[in-house]
Every structure is written in structure tokens, then in C-alpha cells.
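In the two assemblies presented below, chain A is common to both, partnered first by chain B and then by chain C.
Now for the complex of A and B:
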């Protein structure tokens, strides 16, 4: 069985080294915060203040009235009007604007004469998601303008009240209320969700480097040649990284409340327990990775990619697990990130507690045991060279 | 005596490379057993397998009767074993203090705190590290790191220690200190030790040893036995005019080597009487002086490799003379090409180089010696214009290094330890690339390529990729590439580390010829004392200062005048003899395996008194030798007085 004395000897030595090595110290305590701030504000999914320009061939009261609907919207940022298609292409091409609204010469004439008028929106389709959101906004503003026109016509010609007309035009009125994140601020969900990503990558990388560094310098031979057992070494090596990461994840959770202004609605004890198993599993992934590589460069790269990609793709952070392909669903379930994301969102945004999340915690603890076991079995005190 | 370690038919390969091939040896309890061989001989592989940290392909290893055939059985010996891997201080933790390092090793082994305190106190005293016990390991000198490594390896009182190249990269004084400390501890604690080294001259430090080359055993036994098994002789000729004498000598002894003003001849196939007659007929009795020198393991090693393994192509001095064309006329030969004047370089508060002055003329080989961290590389960096000096000035090929570093870069060749060749390119492609970097093209480039191939004897391999060449050839190619633009000054930073003795010898022959025939000024740094003998002038650096600056011959002569000759006794009980001599007040007593050595101004007297003292204490004397002081003796002496 494990000798606690030996485990703590290794842990203490590791702690001293991290504490005194400035580069390592910064990597351990500063890196996660930089990562979450950069990703948190950069990775906002809100489409707001989209720059656009207007190419108005009609130049009438009617056309100006129409374009004003776009200019006054909070989703768009009016950059000015232009006079040629060439200029429009150029602006979109250089990403100065995301779309150009083109109003043809006959616009007001057609409307006044009761014909349908056509307008064109040239949208930068580079980013699918953004383009479809922009297109949605444009359609909505356009539809709104149409109904206004009908309203005006009906008021004038039929003498109806505006309420009566609106009831007639849209018999079913849709009222949406967003639950859990009722202001639909993506920073609430991404900000808290990113804690999962950052605290998956950082402990894994730290722990992998911590072991591989010893392989690179040769001090690992002290362990190989000593009487310390494999499990003693792995545990002793893991403990400091678990402790550091637990401190970090706690601070990150507080940051989510203060900086991202996320609410906290659920059970704190669930979060505290889940955080432990999650960062411990992440550190164990790092130690496991370290058994496959020999250089620090490889360890950093593999632990970073190996946790970042599944952390982004298969955690549910970018896309709900339910809407993934069946293969992706399996991968999502085979990785601890998804369970922790459910916990984080559950306690921050959904107000959940033990009844909803106990299984997640059980699974996370299962991951820890499994990964620790694999790391111990992969570690050899007698190598092949 | 009982057997501590038994190795039978041991083999180990890494993927395609056969690192160790069918080795057998046995180590007796209480012995200091050596593994000697150049890099790549398979020493580390064998030691790691014995330490139970490396799996192997075939053969048997027994340590204290425990067969190591599985990971599980390997664990059983680890409590009685101490292992120090290769690399100076690399297995220690740089940010931990001396004491914290020791505590970690002890606690890892479960040493009780009482024993720990007691042993720590004792080991810190023996190693003289007590004063520094709170200093972080990264701030220690090479010699201190090495001693700390040993202390950490011994803290749990192992019965058997395995030390992989513990003396590589430290200065001669630290090396001697280290051996003294090890000898004392092995004796007091009744340990057995297996120690490897790349320095052939350390062979005498071991009770018994195995000489390895390319994974095979060349020979085993005591150093004397191995040397006696290959009977040969070594004659040195001190000449006033070696340039005239050398061709004459070479026509009779093609293996003769030029060391500055000295010619060194080793002979194995010619009877010594015959050689003696030939030499006497060749030399001028008034100007030249010859004497016998005891033959060393390195000479035997080179001879054995040439004959036993039948190495196909070795370069002889004769071939070399044909390959080289002079760079400039002899009238320019006395020009001073490197000049350092009171160079100082400080990093923050730390002074890396402290008032260093020397000069090197064309055709001269200048050796810059010193331990890792003594400041050699910083001096080279300043002279090559990479690093500005804090104070002082320097001139290279007539250019002031402070103002014209670009001009300097064009007129020097530089070859580093790593050789900086492109391993995926062929020999020709490498030469081409380096030529073009220096602005050569067309016929000129072609001419220079031919010159490099001829000089390095690389014609047969010109279309081979460099990665598949042996180290010796890579080294010659790197030298050629550094010379492709015909620089007048050549800087060589530990050019021979990692190359076997034959490769090293060939390389030095080329250097000597280069300096002589082309007039290039060469500045070279090295760890190998024997290589230093080739230099015309030497500077020894210690903690940033030059503590000795003269020709090797003069340095040795000075020491002999001050301290006398070396008396070497081969005795039946070296440990007792050592403490007897120390108790009787003899200073500078050193233990070399089964020999004790001391300096004496009055050789006959000392010889008599010491012999009588040994006989009175029932110590048998096998033989007594009177030796000339070596360069190593000089440096130990210089560094010791510099430290005081």
C-alpha cells in the first residue's frame, strides 16, 4: 500500500519547485486567468453592432425611411451611404462592413403604385453563423417595415384602428421568454462554460510538464532508482497540481460572478465537490499524457490539443450534446468536460443541486479513479530506453 | 571476497541500434569498478540495467544474488542501491537548496529523521558543503553540484552505488576532490561502486575496470594488467626544432604525433631497443632530449582499436601533409591574430570574465581550459563579436571587436560543440550551403569544396547524408565548413566532446597540420588534458580569471621546480597507506586505485623513508615509479593556489 510519507515528500518537493521557479509559478497561477479573460470576451456569440452601409439608388423619402429602420437598430452600426456597387464590394471585401443594403431606383415609385419593391442585402457570408444571424435581423426589420406599410394603408383606406390591424396581420403573436439566461447574454453561459475549458487545459498541461520536465533533466531516475512505488509517485506528483488547480477554479468561479456578472442560483456544495473531482481528473489526464512523451515541448502541445479540442468540441460548450452526431455524443460522454459543464451551468444558471447533479459527480469521481489507475499502470520504473 | 554484481552475456538494443552487445563482467564486494569508454560505448545502458531502471533484451544480471529479470525483481534491490545518472547535477532540483535536496532524497528512501541528521552532518562535512547548505542548487559550481549529487546518492547508506560519468565537465581539482571523497566513503562504509568515465586517464582510479567500445568489451582487469597485456613503449622527444625533426621521425614511425615542441612516439610492434637506436641516430644529441614515459590506457586503447577491430581508414600524419595548401606566405606567420586585453564581462553583479588577457599568433594553437562555468564560452562570445565586453578590448585578425563585429565574423571560422551541421543534407550539400552563406560561388566554391573534402578525408562519403556519418567524420566536416571561406582565425568550442579517442587523435593531427601549413590562428577549448598538450600556449581559467598562462612544457617545468617529481607507490593496502602518509604530514597525497602518489623535491630520500614506513606497517610495495608532473598536476596546483 501507499506510504503517505513518501507521497508527501514528493508533493512537498514539487510545491517548493513551483513556488520558486518563476516561469512555472506564472504558468500555474496566471495563465488560467489570462486564458479565461481573452476567451471570455473574445468568444462572445452576441451579434451586435454589425457595421453596414447603404447604397440608395432611389434617394427618396420612402427609401430613406426604409434605411432609417436599419440605422436606428441596436444590432447594426451605420457606416454611411455609398454610391456604387464597386464600392460596396470593396467595403465587404476589406471587412469594413458586414453587409450592404441596396435600394433600387424604382423603390418608392413601386410602393406608391402598389407594386412590390425589391431590395437587396449583400451579406458577408464568411462566418456562417454570423451571416445567418444578420440575415435574420434584416428579415425581421424588413417584415416589420412591411407590416407598418400595411398598417398605414389600412388606417388610411379602411379607417381601422392600429390595434385591429395588428390583430388582423398577425393573428398568432409569439412571446418568447428565455429561461436560465433571461437576458440572453452569451457571456453568462460562455463565461461560466469557459471555466470548464480552462480548468481542463491548465491542470493537464501543468501536470504533464511537471512529469516530463523530470524526464528531460534526468531527475526522474531518482524515482526509478528509489524504493518509491509507482502509485506513490503518481499520487505525490498529482497532489500539488490538484491543489493549485482547485485554488484556480475557485477564483475563476468568483471571477464569473464579478467580471462576467453571472448569477449563482444553485447549491454551492455541489460545485465545490464537482470542482475537485474535475480538476483532479484533468491533472490525471496530464500525468497520463506524460507517460507517452519525452520532451516538454511535446508534452505541452499534446496536453494542450488533447484537452482543448475535446473541451471545445465535445463538451457542449459550442453545441448542445443533444444535437451532436451519434459518434460525437459517444465522445462527449467519454470525456469529463461534459459532466462538469452540466454542473457549472446547473448551479450557476439553472439553480440545480444534489438531486439533479449527483450522478455527474459520481461519474467525475469515476473518471478520477480510472485516470489515476491508468496513469499508475502506464508509469514504469524500468524503461525501455 | 564475495561477488556483488554478476553480469552475463548482457545485450541491449534501442530500435535498430545495438547499444551493448554480449557483455559479461563481475564486481566483487568492496571494489571500485570502472567502465571506461568514449560516448556511445554503452556504459550508461549497462549501468541503468544494473540499477534496475532499464529493461534489456538478453543476458543475466545479478545484484547481491538477486536476479533482475522483471520489473518486480528489479524493485527488490533498490533499497540497497544508489544511482546517479549522467549529467552534472541534472538529477538534482535546481530551485531547492543543498539541504532540501538532501532531505528529499532521504525522505524518498524513508530514512529516519535521526539517521538523516547524523548522516547529513557527516556527508556535508566530508564534502565541504556545510557552509553552503542553504544555497540553491542552481547557484552551485560544477564541482559542488557533483559532490552534492554524490551526497544525495549516498544519504540512505546504500551497499552498492552506481555513478554514471560523475567527473565529466568538472575541473581537475574538483575531480581530485571527488575521488578523495569517494575513496574515503567507500572505505568507511564498506560500499561497492560501479563508476563510468570517458576520461582514459582516470583508469588508475579503479580497482578493476572494463574498457568498452561500441557496445563491446575491449579488455577487463586492473589498469596495469590491461596495459601490460599490450606490451608497448612511449617515448617523448623534446626538440628545439620539431619541424625539421618530425619528417625524419615520421618516415620511421608513422604513428608519431607532434605536441607543440614535443614529439610523442608510441610503439607496439617494434622492439624498444630497436626504436631506441633509430631515435638516437635521428636526433641531435645537443639540441634534442628524449625519455621514456609510462604508457597510458588511451594509447593502448587506440592501438587495440586500430588492430583488433581493424578500423579501415585512419588518417596518418603523412596523408595530411598532402591535403593542405598554405593560405598565406610564411612572411606573415608571426602576426598576432587574436589579442585580448583586460577583458571583463559582468552579468548584473556576477563577473563572468575578469581581466582576461592573452594573444594568439598566426600558426599557433591556443588552448583555453577550465571547468564548466569558468568563463571560457563568454570569452569566445566576446571575441567573436556576439557579446559586448563590459571593460577591456580585443582584436581579431586586426579588427577591433568593439567596432567591427561584422568584419570579424567574416574573418573567423567557428565550430561549436554541437557541430551545427544539417543532418538531413549530404556532405556536399553542407559544404555548398556553408560556402554560399559566406558568399562563395562558381569556381571558387568548387575549389574550396575539394579542399574541404581532401582535408577531412571525406571524398568517399561526399554524397552521404550527414546524419548517418560517425561522429569523427561529422567533426571533420564541421571543421571543413568552418574553414570553407579561408578564415585567418578559427574558434573551436569543445570540438572533440563525444568523439572517441581515435577520432580525437585524428582531429588533432589535422589541427596541428592546419596551423602549421596554413598559418591559421586557432583558439580551442577542451576538457581533455591530453589534448591540451597539443597547444602551443595554454590559459587556464578559474572563476572568470586566468590563473595560468604559458606553454605546456614551461608550465610542467615550473611545477617540477616548485614541488618536485611525483613518487608513485603500488601497494597492497592503498587505503591504509594513504592515511599513514597523511598522518605523517605529507601533503598532496592522492590515491589512484592501488597506487598512492605524492610530490617530492628530494626523491631518493622520500622514497627511502616512505618505503621504510610501509614495510614497518606490513604494507607490501609492488613497485615504485618516479613520474614527471602532468598538466593535470599543474592545473590542480594552480587552481588550488588561486582558490586560496
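Now for the complex of A and C:
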């Protein structure tokens, strides 16, 4: 059985040590803060103000009218008209524009004579997500223009009323309601989601370095020789990092509300409990890693590898778990980040509470117990390992 | 800079390489980063909408409503089935088992047959913005294609071209990556991220190790200038990382993901070398301010996050908030990404990228001089 007195003594010693290494202490608090601010403002999936250019061979009222539809859209940022294909290639190759709209010479002639005219949009396909969203915007603007054209044409030549025409050309209109994030603000989802990434990396790294530092300086021999048991040592070591990280994650949640102006619709108690299990699991990952390595460099490298990559790739933050490959889905479920992300988005954006999220909390607590056990089992009070 | 000067530099470079090759964990980590990590990055992450779970409430239960629902295609959507009422729909959306729910009103078919327009409402979980954007865009396309077919059916026309009305047909050409493969983008950007991480970390680690072990005292009393001490370390990092990037390119990026390399290989390696030079200046700075490797790591990560995220890889600079846009130009990775993708996917030559290359070199030189001056200072104390 663990002796609470021993655990607390080790905790106190660890806290003092963190407090006296000022660089370390300041980093422990500043690190998550800086990361969330930079990432939150920097990582945006809004596809807006895409720079584009127009190559207009027709130069007529019609063609200008058509390109004006693009110029006036808030999704695009008009960078001027160009006069040659070579210039178009150059602008796209150097990423100065993301697409070029090419209007052929016969454009206005075809339109006036009632034929179909073809225009071409050359889209930079470097980042496929951006390309497909841009391509969707272009389709929408083009469809809009077409319905205006047909409307004018039908009113003139067929004598139909404008209501009849719009009933004919777009019988079904789609009304999309964006739930939980009605303005489709990327900062709401990334700003809150990044809490998971930051608070996975930072406790793991702090805890791993904290243990390995003792190995490197040799002060771990005091522990080897002491009466403290393995579980007492691991628990005592973890507690200060859990405390620091819990303060940090609370600050980050407040930042999400105040700085990123995310809404909070769900149950606060779910968040507070989930936060605890999550940061504690992250710190336990760090301690577990520290049992495999001897040097601080390796501890830092491996704890970063082991948390940042799954945190970015397999948490659902950058890409939904549903569209991952089957190996990636397994990796996503084998890591606490995905469950915590569901909790965070659930309580901030979706208004969820215990009925929807109890299983996530159970799983997170399971992670903590499992990781703690592994760390205790891996830790040896022996000199040669 | 005579022959002796260079021989000293070269033998120190050799020493660095030897020392590096003896740290097996570091060598394995480097190899893993350049191969395994790039592989996972390209394989595992995609920005596509695949099998998004969708449900529908069909109040009409008519042929037209089924026809409309049939337009929701694989592989984008996985239509899970019918839901009885709004309340259940809300419930499935709230507990995240569905991404979106279509609601087809009563009299859908009747209205259409009468020639009146009607609405379909689409409730979409937008907590993930990427999914929200893509799902809305694909459903709109399906709806547009339904509308067109219905109109043609009504006018008893088989082909849109038979309708003698003016229209504009926007042909979209997706350049450089016509099939829209995420793996190309992800593998290349992962390779560049690895380069960033290691060029910073290796330089700083090599330097700080000397500090930790105290061998830096030996170097400082040797007949060497600070520049002569630092140059071999940077040369060693250059050699290690250029080999690494070659492995990554020829073992993973080109053969596994079938990325077509459009440009010149030598140009890509030149750009990479300049990039490593630029980052190593920062690495020296980190080593100067840190006392041990643990601090190196923490400072590296603090620096690396903004460098990666402000590079424009995931978020194009034009979509960033106004105040952040100028900062982008201080991220060396911004230039590397522009040039790297330019050379690999777009086939850009030196004539197109020379301004970026010069900017990167200039930025690198500023960082390098800054790094060296800080490094020199610590000897004076």
C-alpha cells in the first residue's frame, strides 16, 4: 500500500526542485500559453480571400460582368488582370495567386447569340483541401451567373415570369444550417481543439524531463536507497506535474472563451473532470517514457515524437477520425487525445454533458490507471537496467 | 583562409560526423524521422471527406425524394438511413453519430410536379470546419445536378446543349495534382517539417553537448576562432540532413507516394542546403541560451511551432489575420515551402524562385550572424 506521507514528501521535494530551476518553472507555464496563442491564430482552415487573377481574351462588357462576380466575392481577392498564359503560369508557380480565370475570345459572342460559352479556371492543386473548396466556390458563382443569364433570356424570348423561371431552373433549393458553429469559424474549432494538443505535449515533456534529470544528475540513487516504494515514487513525482498542468489547462480553456471567443454550451463539471484525467494521463505518458531512456535529450525527443505526432495526426484535430485509414483509426483509439477532443468540442460547441460523454471520461480514467500501472511496473529500483 | 584553416575545419567536421554516428539513438531517430514519419504523414492524414455519416428525415417518401437522396454519393457520404423525426435527428447530431441530416418536406414531389420550388434543409455539424466546408460543397453539387436533371426532364430535353439558351460552362483544371491526392501534399510538407525540426535540434544538440560535458572549454582555448568552431558543426549537420532528405525523397516520397518530381534535383538540394544554413543560425542561438539539452528541447519546440504554423503550409498567409501576415516573412520555412513545392510539384526553375532563395539566404545570414555573436559573448563572460 502507498503511504500518503511518503508520496507527499516526494511531491514537496519535486515542487521545490521545479521552483528553484527558474527557466524550467517559467517554461512550464509560459510554454502552453505561447503555443495556444500562436497556433490558435495561425492555424486556420478558413478558405477566404484567395488571391486570383483574370486572363480576359474577350475584353467585353459581358466578360467584365462575369469576372466582376468573382471580384466582388468575399472568398476571393482580385490581384489584377494579366495578358498572357506565361504570366499566369508564373503567378501560379510562385504561389502569388491560387487560381487564374481564363475567359476565351468568343465569350461575349457566344453569350449574345445564345450559345454556351466556356471559361477555364486553373486552380493550384498543391493543397487538395484548398483546391476543392475553391473549386466549389467557383461552381457556385458560375451557377449564380448562369441562372441570371437564363432568367434574362427566358424573360425576353419565352415571355416567362421571373418566378416561373426560377421555379424551373432551381426547383430544389438547399438550405444548409451550420450547427454548433453557425458562422463556420475555424478559430472556434481549432482554438478549443488545440488545447488538447498543447496539453498532451507539455505535461508529457515536463514529466519525462523531470524524472530523467534525476537519472542524469545521479540524485535518483537517493530514491533507490530510500524506503519509498515504486508506486509512491511514481505518484509523488506525477502530482506536481498534474497540478501545474491542471492550472495550465484551466487557463487555456479561459483563453479559448475570452481570446478566441468560443461559446461554452455544455456541462462544466464534465470538462473539469475530463481535464484532470487527460492531463494526468499525459503526465503519466511522460513518466513512462522516462523509464525507457537515460538521457534528457532522448527523453525530450521521444516524448515529443510520442505525443505531438499522434496529437496532431490522430486526434481528429486536423482530420476527422471517420476519414482516416484503418491503421490510423486504431492508432486514434489507442491514444487519449481523441477522447479528450470529443469532450472539448462537445462541451464548448455542442452543449453536451454527462449523458453523451460519460464513456469518454471512463476511457480517459482507464488510460490514467493503465499508464500509471505501466510506469510503476517499468520503474526499477536497481542500478543496472 | 589558407589551407591550414580549411584542414582544421575539415578535421573538426569529421570529428562531428564520427561523434554523431556513435550516438545510435540519435541516428535511429534521424532515420525514422526521414522515412517512417514521412510515410505516416503521407499515408495517415487526408483532408478529404470520406464516408461522412449522413441521415435523412424523409416526410415525403416519394420517388422524387428517393431520387434526390440517391444523388448523395460514395465515397463522400455514407448514408446511414432514415430517421423518423426531428427530435431523433437532433439527438444523433448532438451525440456526434451523424455529421449531417437532410430533411425533405411533405409534398416535395407534388410541388416539383406542379412546378413550384421547394426547400430541403440540411443540418450540418460544423464543429470541424474542414468537414463542414467540404460536406456543404458536395451536397450543393449533388443538389445542382438534381436540379439540372429535373429541369431537362421537364422541358423534355436530353442534353443541356440542346437547350438554346446562353450559359457559361466553367471548366476547372486542378493543376499539379489533378486527382487531388492529400498524400502528395502531406508527405512533402512532413518532409519539410522534419527538416525544420532536425536542422534546429541537431545543431543545438551538438553544441550544447560540448557545453554539458565541458569540452567546449577545450575548444575555446584551441587556436580557433568562434566561426571556425561553429562552421564544422554546421557542415556536419548539412551533410547529415542532405543525406536524410535524399533518403526521404528517393525511398518514400517518389516511389511510395508516386509524387511526380517536376523540377531539377540539384536545385531542390541547393534550396535545402540554404534552408539548413538559415535554421542552424537559430540552432546556435538556442544552444547559447540553454544550459542543457532539456532546455534546448523546450526552446526548440517553442520556436518550431510558430515556424511551422506560420509557414503557410496549412494556412495560406492570405487567410491569416492582417497583423500576422508580415510575420510570415520571418519564418524561414515559408520560403522553403514555397520553393520546395514549386520545384517538386510545379517544376519551377531558378528564374522563378531566385527572389525567394535570396530572401532565405539573407534571413539565414542575419540569423547566423546573430547566433555567432551570441555564441562569442558567452566566452567573454
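Convention: the second predicted complex is superposed on the first by the 383 of 385 C-alpha atoms of A that agree within 3 Å, B and C clash if a C-alpha of one lies under 4 Å from a C-alpha of the other, contacts with A are read in each partner's own complex, and residues count from 1 in each chain.
Throughout what follows, a contact is a pair of C-beta atoms (placed from the backbone, for glycine too) under 8 Å apart; a residue touches a chain by one contact, two chains touch by 3 or more.
Every value quoted in this text rests on a predicted model; they were computed, and no experiment measured them.
Once chain A is used to superpose the two complexes, chain B occupies space that clashes with chain C. When the two complexes are overlaid on their common chain A, residue A:228 makes contact with chain B while staying clear of chain C. Once chain A of one complex is fitted onto chain A of the other, the partner contacts of A:219 are limited to chain B, with no touch recorded for chain C. Of the two partner chains placed by the overlay, only chain B lies in contact with A:3; chain C stays clear of it.
With both structures placed on the common chain, the touch criterion links A:26 to neither chain B nor chain C. Among chain B and chain C, the chain that touches a larger number of residues in chain A is C. Once the two complexes are laid over each other on the shared chain, residue contacts for A:168 go to chain C alone; chain B is not touched. Shared-chain residue A:13: touches chain B; no touch with chain C. Residue contacts after overlaying the shared chain place A:362 against neither chain B nor chain C. Of the residues of chain A, not a single one touches chain B in one of the two structures and chain C in the other. On chain A, the positions that touch chain C within their shared complex are 23-24, 27, 31, 34-35, 38-39, 41-51, 66, 77, 90, 92-95, 98, 110-133, 135-136, 138-140, 142-143, 145-146, 149-150, 153-154, 164, 166-182, 184-186, 188-190, 201, 205, 209, 212-213, 293, 295-302, 304-305, 309, 313-314, 316, 318-320, 322-325, 327-328, 331, 342, 345-346, 349-352, 356. Chain contact summary for the complex, chain C toward chain A: residues 25-26, 29, 37, 40-41, 43-53, 68, 93-96, 99, 111-112, 115-134, 136-141, 143-144, 146-147, 150-151, 154-155, 160-161, 164-178, 180-182, 184-185, 201, 205, 291-298, 301-302, 305-306, 309-310, 314-316, 318-321, 324, 338, 341-342, 345-348, 352-353, 356.
Interface of chain A with chain B (complex): residues 3, 5-6, 9-10, 12-13, 16-17, 20-21, 217-219, 221-228, 380-385.
Residue ranges of chain B in contact with chain A, taken from their complex: 12, 14, 19, 45, 48, 51-55, 71, 74-75, 78-79, 81-83, 85-87, 90-93, 95-96, 100, 104-105, 107-110, 136, 152.
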